[in-house]
Each structure stands twice: as C-alpha cells, then as structure tokens.
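Structures given as structure tokens follow.
Next come two complexes built around subunit A: one with subunit B, the other with subunit C.
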Partner chain A sequence: MRKRVELIEKIEGEAEVSYTYEGDRTVDAQIRFLSGRGIESILTGRPPLDALAITPRVCGICGHAHLIATVRALEACYPELRISPKAEAVRELTLTLELLQNHFKWLYLTIWPLLFPRESVTMKAVEPSRIAAEAIALLAGQYPHNSYAIPGGIVGEITPLERLGVADRLERLWEIFRREIADVQMQAFLRCDRIEELQRKEGDFPRILREILDRGWERLGCSHDRFIAFGSNGLFVSGKSLATRITHSLDLRHLREEPVEGSLALHVLYRGKVYETGPLARAMLRKTPLIREAHRRWGDSLPTRIMARVCEIPHLLQYAMQLTRDLDMDAPAWIDPGPLPAQAQGTGIVEAARGSLIHTVEVREGKIAEYRIVTPTQWNLGSGPADRPGVAQKALIGLHRDDQAELIFKSFDVCSVCTTH
Partner chain B sequence: MNSPVRLLWLSALTCNGNAHALLNYPDLEHWQHRFEWLYHPLLPSRFSLGELLAQQPECDILILEGTLDSNFSKAGKDLTEWIEIFAPAARAVVTVGSCATFGGIFLEGGEGRSGLHFRRGERRDAYDALWEKSISLPGCPVQPEILASTLEMLAQETPLDLDVYRRPLLFYGTTVHNGCTRNEYFEYKIDEHRFGEMEGCMFYEHGCQGTYTHGSCNRILWNNVNSKTRIGQPCMGCTEPDFPTTGLWETRKHMGIPARLPAGIPKRAYLSLAGVAKAFHIERFRRPILDPVERYDPMKEQE
Partner chain C sequence: MDRRDALAKMFSAKGVRVDTNRGEAYYKRLRETMERRLSELRNAPAATKMDIHKVLEAEGLSRRDFMKWASAITAMLMLPAPFTPLVAEAAELMNRVPVIWIELQDCAGNSEAILRSDAPTIDELILETIDLEFNETLMAAAGHQAESHLDEAMETFKGKYLCVVEGSVPVGAGKEWCTIGAKGETFEEHLQRVAGSAAAVVAVGTCATFGGVPAAAPNPTGAVGVQDIVKGKPIINIPACPANPANITGTILHFVLTGQIPELDHLNRPKFAFGYRIHDNCERRAHFDAGEFVEEWGDEGAQNNWCLYKMGCKGPMTFNNCSIVRYNSGTNWPIGAGHGCIGCSEPQFWDKYAQERPMADTEFKAPTGGVEKSVDQFGLGLLTAAGIGIAVHAAISATAGKKDEE
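Let's turn to the complex of A and B:
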C-alpha cells in the first residue's frame, strides 16, 4: 500500500495529512496537528476574570467567539445573573460580525486560490473583513483581541454614534456581497430554494459552483451526514440531525474527548459518535431552503458545504442589521453582578464561524481550578482509525485525485491553532 | 523602480493574531506594492514552506510571530534551524507581537519557551548575533500601522530609534494613556469608575495599565476607529515584558495607593498632585456626560 504525507499550509498554522492508497484510491487519511500551546493549563490557577483576556488569544481569526464563550461560562457560575437586552444584542452583533469576517476571508484566501490559482483576489477578502473588524472595534474597542464582554454585560456605553457606524458598515458589507459574491436581492435570496436561480446570477459564487459542477466534483467529499450545533440565538437553533431527521435535545454530559495518536488535537464525540459542526450543520438544523435543496441533490458534499458557508453571509447580515435596528439604547450596558462565586462551575456555548465552541470553567477558592475548551475543528478535523473515521477524514477517503483532497479538506475551514489550543 | 523588499514571515507558537491584524491595515494594497511576500501565513506568497526549505531564498526582512519553543518544528524542521537559515542574510529581524518579543501569553504553557531575545524582561543570549539588527514590535497583537510603517522605514533604510527592549520610540516612546478619552477623570483624580458607562477612569480600581504601558493605542486608533480604554476596557499592558500579569481587572494597591504609578512619575510627585486634585469637588466630573436634567452650561461656569 502506497502512503503519502502532505503538509497542509495556511490553515491558521499547519496540519499533516497522511494518505494511504490502494491503487490510486485513498483508503485512509490521518489528520495530525503537531503543535499546541496549552491554553487550558495557562488558565489554571488564575483569577477567573483573567480568562477574558487569555482565551481570545486562542485564535487570531475567531478569538471573539472565545471571549463570548468565556463570558458565558463565567456568568453561568452565578446562581442568578441578569444582563440587559442591549448588552446581549451588542455581544450578538460583534460575534456575528466576526463570523462574517471569517467567511469572507475563507472564501477568497482559502477556497478561491485552489479553484482559480492564477487570479489574485486578496483584496476581496481584505476589504470586507477590514470593514467587519472596524464595526467590531466601534463596539468592542479593537479587533482582533479585545475583552469588552464581562459578567453583567459589556464594559462601555454604546451611543447612537457607534450604532450608526455599525449600521453603515453592514450596508457596505451587503453591497460587497452583491458586487462580488452573488448579485441577489436579500429577501428573495433568504427564501430561495432554487439552485439554478442562484447559478444564473452574476458573481464569484455562481462561478465557483459552475466550476465544481463542470469538473464533475459535486458528489465528492461526502461524510457521515450527521450534524450537530450546540449554540442557539436569534438566528441559529441547536440540535442534531441525522441527514434531515432532527432532534433538538442535547446533553453536554454525552460529550467526550479522546486522544488521537501522534496528534496534539483531541477528537470529540457525542454519545460515542462523530458529528459535523459548522455552517452546513446550522443550515440543516434551521432548514435553510437553498442548503436543504443542495443537500437533497448532492448530499453532504463539497459544493453543499461551500454553499452553506457562503450562503450564511446574507443570513448573518440580515440578523446583524436587525439587531442594530432594534438595539434598546436606553437599557444599561452593564448590570453589576457582584463578585464571582468562589466555588462554581459554568459552561458557555457559542456558534463560532466553524461551528459549536464550548468552554467550561471550574472555580475553586476563587481561582480557576480547571478550564476546558472544545473547539468546532475538533469535531470536524478529529481523526480516528480507518474503520471509525472522523468527519473530514471520511470526506477524504475514496478520492482518486490529489488535487481534490486539499479543496475538500479546506472546505471544512480548518483552524489549526483552535484545534489544539 | 527598485526591486521589491522581500519579506519572510515565520510563525512559531501563535494565534496568528498579528498576521490577521496586518490585513486590517487600511492601505494594505498600496503598501504591499513595495514588498514581496516570500511567505506570509495568510496572504498569497511566492514559496510554500517546503519550497522555502528546499530553495532557501534570501530574504531582506525576517518577521517572527509567536512564542519560540525548543520543541517546535515547522514543516519537519526545528524553528532554530529556520532562523539559522534565513536570519543571517536578512537586513533586519522583526519580532511581531509580545509572544515573539517576550514570550507573551503562551510562555507558561510549556517548558523551553521564550521570545527571541527576552524571556519576559530577562535578556537571553541564544540569538545575540541578531541583536543589532532586531526590532521588537510587541503588542497582542501589534497595531498594523506600527508594523506597516516599521517595515516601510526598514525598506527605506530610515534610522529607527529604539528603547532598551529594541522597541521603536516612535511607537513605544509614549504611553497608552496618551490620547485616552477618559483622561480628564485621571487628571482630576475622580476615582469612581463603573463599567458600562462613558465616564470614569479604570486606573484606580479596575487595573488599567495605560499610564505605564508603552504603546500608541490611543494615538493610532485601533481599526481606525477606537481603543480598548476608550470603550471602557482597562489596558492590560500587552506591549510590556511582563504581559500577561495576574489579576488583570483589579488595581493592586499599597495602603490605598495604586502599586504601580504612571511611567516615570515619582511617588511623591504623584501623591502631591493627587492630594491637590482631590481637594476640589469638581461638579462636572460627578455628573453623567449625558445628564438630561442639569445640563452643563459652559458660559455660566466661565463667569
């Protein structure tokens, strides 16, 4: 049996995939992450609030999701705690803006160069992600890496000045989506379930779709067809789905991490089974018409996965616009929750760009006794033995061409630094 | 036209935050024209990591991000070897972020970790040969304007005046306090601060390190629009060797006086000034800025 090890680069660090072939067909693809920083051990022994400054540094592209997961975990340590609708909405806004920033970068820095290597489109990633970052900074001080969400709300006041700045930037992001990605009408697009209609539009996404279909790659990259999302908010719903059969009750006690030989990443399972998390899982759970149609046609394959991520952008934008419009400016930004209990445990759940992010903190004698982080990429990129493969691993098995593998791998939006943290 | 300045960005143990922050530089597109990325962890680059090792092209400026770790290897080669291959020919070595400079947050996550020339504030000698051409740009992350202009100055061979940690004085000669919109509350020693408000200064109770942290966060605004202290988050001292300190949201005090005073201010001077300022009860600072009842009448107070 032939073997080949490939270093995958520019995925917020690197990962190694070792392929095993029978003839020209891959029969296994072991995914290894070779460096880790030990964030959980760095947090141990510190005052709990320090986590608000430390965990965003897990990741330069989705650090804000880590901040929100931390603040929710800390708030869950209080027997009772109230935050104002304003603080809640502003947190949702900055988190949503971070997802937007991710999706634009992923589309143009990660996926596009693999399909159209001769066309440089860097600025199509940079312009919208910079605008999203400015909008976050208006509300949160800076991006990346702020700690503006604290137990009880947010650190500062939001005035009409900041709200206007955010609203205008959201309009600009929508204009960019229409100019570059797909020239669609928002309301019609959110309801659209006809792939042909999207395919006929002007824009980079219809072009990507046509390219994948022209290459005959639409059935590549199928995985377990099992999806999970733990977070819920005004946009997302939590639950799991086996193909299209949905159940909404989830219990975190069934979550288990297990080591992967030769890798610093822990594989994560729910009731002993692997699940895919992220935009495709979210779209399946909230039954986004277009994505359900893609899934019906091609299964949980490469184009469905790419479409789920790109088509989340208008949904996120509409949600952010609504949050901005409805912001209750008279509500307090922060309600003093009093001191954090000296003995407590709390869990914080967030839908991050790549899927469900879960932080659990245990406080003893006023210090962090244990901190546990489960990242979305642990679900999607976890690697098991060939007869019990992880999500991306399964998607890579059965391929006949090496150039398909990197695209399929990266369609999961891999974040190496989060995976090992 | 001059040939572009070749940049090689090497990441060690990192979150990639500095690499992402650079993407927010408002004129990235035009700025980039003068440079060529031999490697950047996000942007299109001339070489892959494997090609870099195979061909070993010379770079003009070597950029290091992330905490150095004696156990860390990249594309199968130890980080020390990467540095040994690419640093000698480089005109300058730039450490971006506090991790590469001082060790930063990830220092405590394992043995054998440090910055290039420092472990926290302590000098290490492993790379002494590079000392003279090293520039430190700490921050978590470094502001993109600081990185872009430092690289531009290095490209133009403009001399850079440095402090003892080799930080350019142009960006690290002032404190983060400089330009903070909450400065008046500091000047007049209004020591109440409550989160969620526009008013108040976080120095007295909530751990703000802005008065003794060297950086430009309130002079060069973040993302062109804001800063952490302006929105009401205490400065956490991320450009300094001891970042991250412990108890980041609380001001440590000795007998009611903040344990760390503004950079370069003798305790006696601080206490005298504070005593005088506190002796006055200045009404304007006791009221919310947006107080709808008793509007502040500037003309009346001038009489």
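Let's turn to the complex of A and C:
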C-alpha cells in the first residue's frame, strides 16, 4: 500500500490531502486543515452587536455572507422583529453580488488553470470580480469586510444614483458572461435543458465542457448523491435531496459537528449522514432543468458540479436585476427593533457561494455565551474515517491519476480559512 | 495636563505631522537618488518578461491614461508634480524588483482587495508587471512545485526582494498546529526564513501589522504582528482591514523609486497614507462641526448623511487616508454607506473600536484621555481639539507656502 501527501494551495489558505493507494487506485483520502484562529472563542463574552464587526473577518472572500448570517442570528434573538422590504432586498442584493464574484473567480483562477495551464486568464477573473465588488461597495461601503447591516435593517440610505450604479454594473457582468463564458440569450439560457445546445456555443464554459468530455472524465468525482441546502430566498429553496428525491423539512437540531484527528476543521453531519452543499445542491433542489439533465446523464460528477456553479451565474444576475428594479426606495432603511434581549438564542442561515452557512448565537446576561459557525466547506470537505468518507473524500476514491484528483478536489472550491475559522 | 492640552499635543505631535513641502534642496537630493536608482534598475535584468506598455496596449489603455495614473500616484506619494516622469519610469521598471508575498494566519482579504485594486492600469501593474514571485493565492504553481519555486526565488533575489506578509503569526500554545508548506514549518519559522533574505518586509493588513482579529481577546492562538517576530530588517506597516490597495502599490512604487522605504510614523506606517486622520478629511465633517449628528439609524440625520460620531464612528481616533482615496476603485467607503469608521488601521481596534458604541459608552480609554461621561461631552471636547488641529494644519501650510515662494 502506497501513501502520498499532497498540499493543496492557491486556495484561501492551505489544505493537506493524504492519499492511500492500492496499486495506482486511490482507496482513501484524508483531508486536513492545519491552521485556525479560534474566532468562535474570540466572540464569546463580547456584547452581541460586536459580532457584526468580527465575523465578516472570518473570510476575505465570503465575509459578506458571514455578516448577513450574523445579522440574521441576532435578529432571531428577538421574539418579534420586522425589517423593511428595502433593507431585506439590499441585503439580498449585496449577498448575491458576493456569490457572483466568487463564481467568476473560481472558474478562472481555480478551474481553468488546471485544464488549460498554458493560458493565463487572470484578467478574466479580475474584471468581473472588481465590478461586482464595486456594486457591493456602492451599497455597503467597501468590499471585502463591511458591517453595514444591523439588526432592524441597514445603516444608510440608498439613493437613485446608487441604484443606477448597481444596475449598470449588473448589465456589465452579464455582458462579460456572454463575451467570455457562454454566448447565450439570458431567457433562453434560463429555460435551456439541452446540454448539446450549450456545448455548441462560443465561450469558455462550452470549451471546458468539451475538454472534460474529450478526456473522458465525465463520470469522475461522483460522491454520495445526497444534497442539502438550509437557506431559502427569492431564488433558492431549502431542503435535502437523495438523488432527485426531495424533502423540504429540515431541523437544525439534527446537525452535529465532530472533531477530526490531526485537523482543525470539524466534520459536520445531518442525522448522522454527510451531505453535499453548494451550487449543485441548490440546483437539484430548485430543479434547474439543465443541471437535472446533467445529473441524469453523469450523476453528481465533475462536469455536473462545474456546470451547476457556472449556470448559477445567469440565475443570480437575473435575480439581482429584479431586486434592483423592484427596490422600494420609499421604505425605511431601519426599523427600531428595541434593545436585544439579554437572554436569547438565534440562528442565521445564508446561502453563500460554496453552500449553506449557519451561525448560531446564544446570549446570556447581555453577552455572547456561545457562538457557533458551520461553514459550507465543512460539509463538502469534512473528513471522515475510511469507512464513512465525507463528500470530497468519496469523490476522490477510485481515481487513478493525480491531475484528476486535484481538479476534483478543487471543483468543491476549498476555502480553508472558513473551514477552520 | 488638562484635556485641551492633551488633545493639542496629540494632534500636533511630530510623529503625525505630514510635511508636504521640504524645500528645494531636499527635493533636489531626492531626485538625484531616484535617478541613480532608476538607472541602476534599467541596467539590471528583468525578473519577468512582462512589458508594462504591452500590457496596457492589450487592455486598450493609452500612454495618456498611464501618465494620468502616474500623476495621481505622484500626488499620493506627496511628491511635487515634476516627479511624475520618474514615477512613470519606476512603474515601467517594476518588473526589476521581485516581490514575494506570503500568507500566514489570515482571511486572504488583502489579496482579495488587491485583486480588485484601483483603476485597471494598476491591476496590470500589480498582477503582471510587479514580479509577484510567490503569492499563495495568485501563483500558477502549487504544492511541492510552488515550494521549490519559492526556494529558487529566494536564492536568486537574495537581499533584493520585498517580502510582503499578509496575516498574523501565532506563537501561543498549540502554535505547532498552524503549519505551512511541505516541510510543515510553523508560521513563525516560515516568516523568519522568507523575511531573512529580504531587502525589506511589508506587513499588509492589520493582522500582519498588529495581530488583528486573530489577536482579539482572549487571543486563542497567541497571534502577534510581523514586527514582533522579525528583527533587524526594515519593516513597513500598512494596516487596515483590508489594507487599501492604493497604499500597497504606493509603498512598493516608492521602494522601486528610491530603493528605500518611505517615511514612516511612530507605528511604522507610511506617512503618505497614515499621516491623515479620517475625521479631518471626512465628507461628513461639516455636520460634526455644525453639531448635526445621526442619533439613531434611519433618522433624519441618517437620511441626510450627518455625522456618525454618536453612532460609534471612530474616525476621530483613526489615522488612514480612506476618506481621500476610498475603496474599490474609489467607489465608496464605509462612512459613505452610512456606517461609522471602526478604526481598523489602529492597534487593538479589534477590542477597542470594532463595535457600534461610541467611545464614551465603552470601557476603553480614548487616546484623548479618560473615559468620557457622555457622548455629548466627548463630542464637545473633540470639537475644540479639531479647532486646534485645523490651526496646526493652517500653520504648516502657511510655512509651506513661504518655502514655495523662495
């Protein structure tokens, strides 16, 4: 039996994968995260509102999701709380923009170089992510790391000028999608369920798809075929799905975290089982036609996973455009929720770029008594023992080549700083 | 010392004073230094093949766009306008100065900020022309390959490269938990090794400079800043969470121009960026002076962009140029979106300033003296101080003007 340890870099932070082989076939892959900061213990003992400035700093690429999760957790501490449709829409908008910029960057900085190592496409990642970040900055002040959302709403007023600025940048993002990723009509694309139709189009994504098919890798990276998404909004629905069988009721009491030997990341289970979270899970639950078709054809494999994330971009853009158009400018930005109860518990859920993010806060005597963060990558990259593998682990088992392993590992999009927090 | 004196001392201390005009003799010497340095660089081999003008051309940017950018940077670096051609040339020669970027205990937020730095020209400068020999987020190689690439770069450019560090260094119990690279080095060992052969170390972001959020009480990992670990090397601190990309570019460019580090304040921060106080250049300053404050979120004041001091803005205690250069290509900044400054470029901001409460309601001492009894009283105190601050400024510009005429 041969063993090999691979360092995974060029992600946010670093991860280590120890492969075990029989012959040239992978039989086990243990995933370890070797650095952490102890953010949960930093939050303990602080006044609850202070979490608004600390949690965004868990992560430089999805910190906004952490902010919104914190706000929602704090708001859940109130027995009753109302926020205006405007505040809700603006929060959704900035969150959606963060998802968008992550999707673009992941495609060009993480996936592309592994398939086409000789073509440098850094600028294709930088341009859209800059535009998305500017749009967030218009509404939230700056990106990354802002704290513009507070229990009861948002701090500032949105003027027509900002709304125009956001609308303009959404248009530009759509233009970039058409120019670089896939030359399609938005409405036709949102309805499309024929992979061949997409495959024939101009653009980088059809090219990626053709490359994976040419290499005969379309069935690689299959995992448990179990999906979960906790967050719901105008676009996403919560629930779990075993292959295509969907259940919509979820109960957070069944969530359990367990330590992993030699790693700072906790493994997370729902009713004792591992689930995949993220764009593929969301697409399965929303029954996105194109992704259901890919899943029918190839299962929960590498191309299905990549396609699910890329194809979320037009859906997110349409959602963001609609939010911007329908923004009720006359609604108040903030409605006084009164003082935060001195004894309370609350949970905030957000669909972040890589999947469901859950924050739970417990307040006692006006201070944070306990704060728990469960991040998407804990679901997807959690490491179990060889007989109970996690999602990415299962996807890596049975592979014969190192380049396949790296691509499949990164198709889950690692964020090590979030995983250990 | 009464409060008035204490405030006057704080705002007029030499350490925070920005000298924008140092007289002809000084600039003549500086120009000579720069010309010498640039001619040395011109004759040195390029670390990368990238030619900035080709990059700009490919992106459809003209020479004029480039010169516009150069003159903006010249002003930011507090150099007189005639230095613009030198700055432009330095930008062209940036590929002669290798930069090794390492990430320690961080959230990658600073790399993120730089990925979307300023105008498109600067993106190219950063990404293509500056030789980012080793950046964990951006580099092309990965894993063991990257490891040997790092060793090679350190050997080739020994004593010449800038070591840029993002993230804090855990030195507390369990530090062996935080390791990096194939050799399983602790972050501290990794930093010592890479900083050891560098010409200078640039700590980027508040984690690398002062410890940052990981060092927040109870500091579970014993996180400290680079300056607590690295000794005997010039260290430049560029705090803020995230650090402003303009300040990172400015610092690197200054190094290219002079081979030296820019003038620093008492916290090793470049004065060209941290010589400004948020409060002094804030777009809402007039409302502070007029006593118009946001009293609660969503009120008349919030709708009319009044001063956020009573909502916990820490602008009066924070030194940084956010109110001038702003963030995300100058799109906006926190106060522009109606949220107070949280003092993210100051030491210990994570425990002292990062909250919604005004200083008067916290258990921490404002740098201006004792714990205030009420917000209004504190505001009043600052109001007087601000008056003094302005007077000091006025005095400086008056002498500066005179030197100009000579």
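As a convention for this text, the second predicted complex is superposed on the first by the 421 of 421 C-alpha atoms of A that agree within 3 Å, B and C clash if a C-alpha of one lies under 4 Å from a C-alpha of the other, contacts with A are read in each partner's own complex, and residues count from 1 in each chain.
Throughout what follows, a residue touches a chain if its C-beta (ideal position, glycine included) is under 8 Å from a C-beta of that chain, and two chains touch if they have at least 3 such contacts.
Model, not experiment: these values are computed from the prediction.
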Since both structures carry subunit A, what do subunit B and subunit C do when superposed there: clash or fit?
clash
Just to be sure I read the superposition right, which of the two partners does A:264 touch: subunit B = first, subunit C = second, or both, or neither?
second
Please work out whether A:130 is in contact with subunit B alone, subunit C alone, both, or neither, and reply first, second, both or neither.
both
Return first, second, both or neither, reflecting whether A:7 touches subunit B, subunit C, both chains, or no partner chain.
both
State whether A:396 touches subunit B only (first), subunit C only (second), both chains, or neither.
neither
Show me the subunit A residues, by the header's touch rule, that subunit B contacts in one structure and subunit C contacts in the other.
7, 9-10, 12-14, 34-39, 41-42, 47, 49-50, 52-54, 57-61, 63, 105, 109, 113, 120, 122-123, 125-126, 129-130, 133-134, 136-148, 150, 152-157, 332-336, 417
Write out the stretch or stretches of subunit B touching subunit A in their complex.
11, 13-21, 23-24, 26, 28-29, 41-44, 48-50, 67, 69, 72-76, 105-106, 108-110, 140-141, 194-198, 217, 222-233, 236, 244, 246-250
Would you mind writing out the residues of subunit A in touch with subunit B in their complex?
7, 9-10, 12-14, 34-39, 41-42, 46-47, 49-50, 52-54, 57-61, 63, 87, 105, 109, 113, 120, 122-123, 125-126, 129-130, 133-134, 136-148, 150, 152-157, 159, 165, 332-336, 417
Residue numbers of subunit A touching subunit C in their complex, please.
5-10, 12-14, 34-39, 41-42, 45, 47, 49-50, 52-54, 57-61, 63, 105, 109, 113, 117, 120, 122-123, 125-127, 129-130, 133-134, 136-148, 150, 152-157, 264, 332-336, 406, 417
Under the touch definition given earlier, write down the residues of subunit C that touch subunit A in their complex.
59, 103, 105-113, 115-116, 120, 123, 127-128, 136-140, 142-144, 146-147, 170, 177-182, 187, 212-214, 216-221, 223, 241-242, 296-298, 302-303, 305, 311, 326-329, 331-339, 342, 344, 350, 354-357
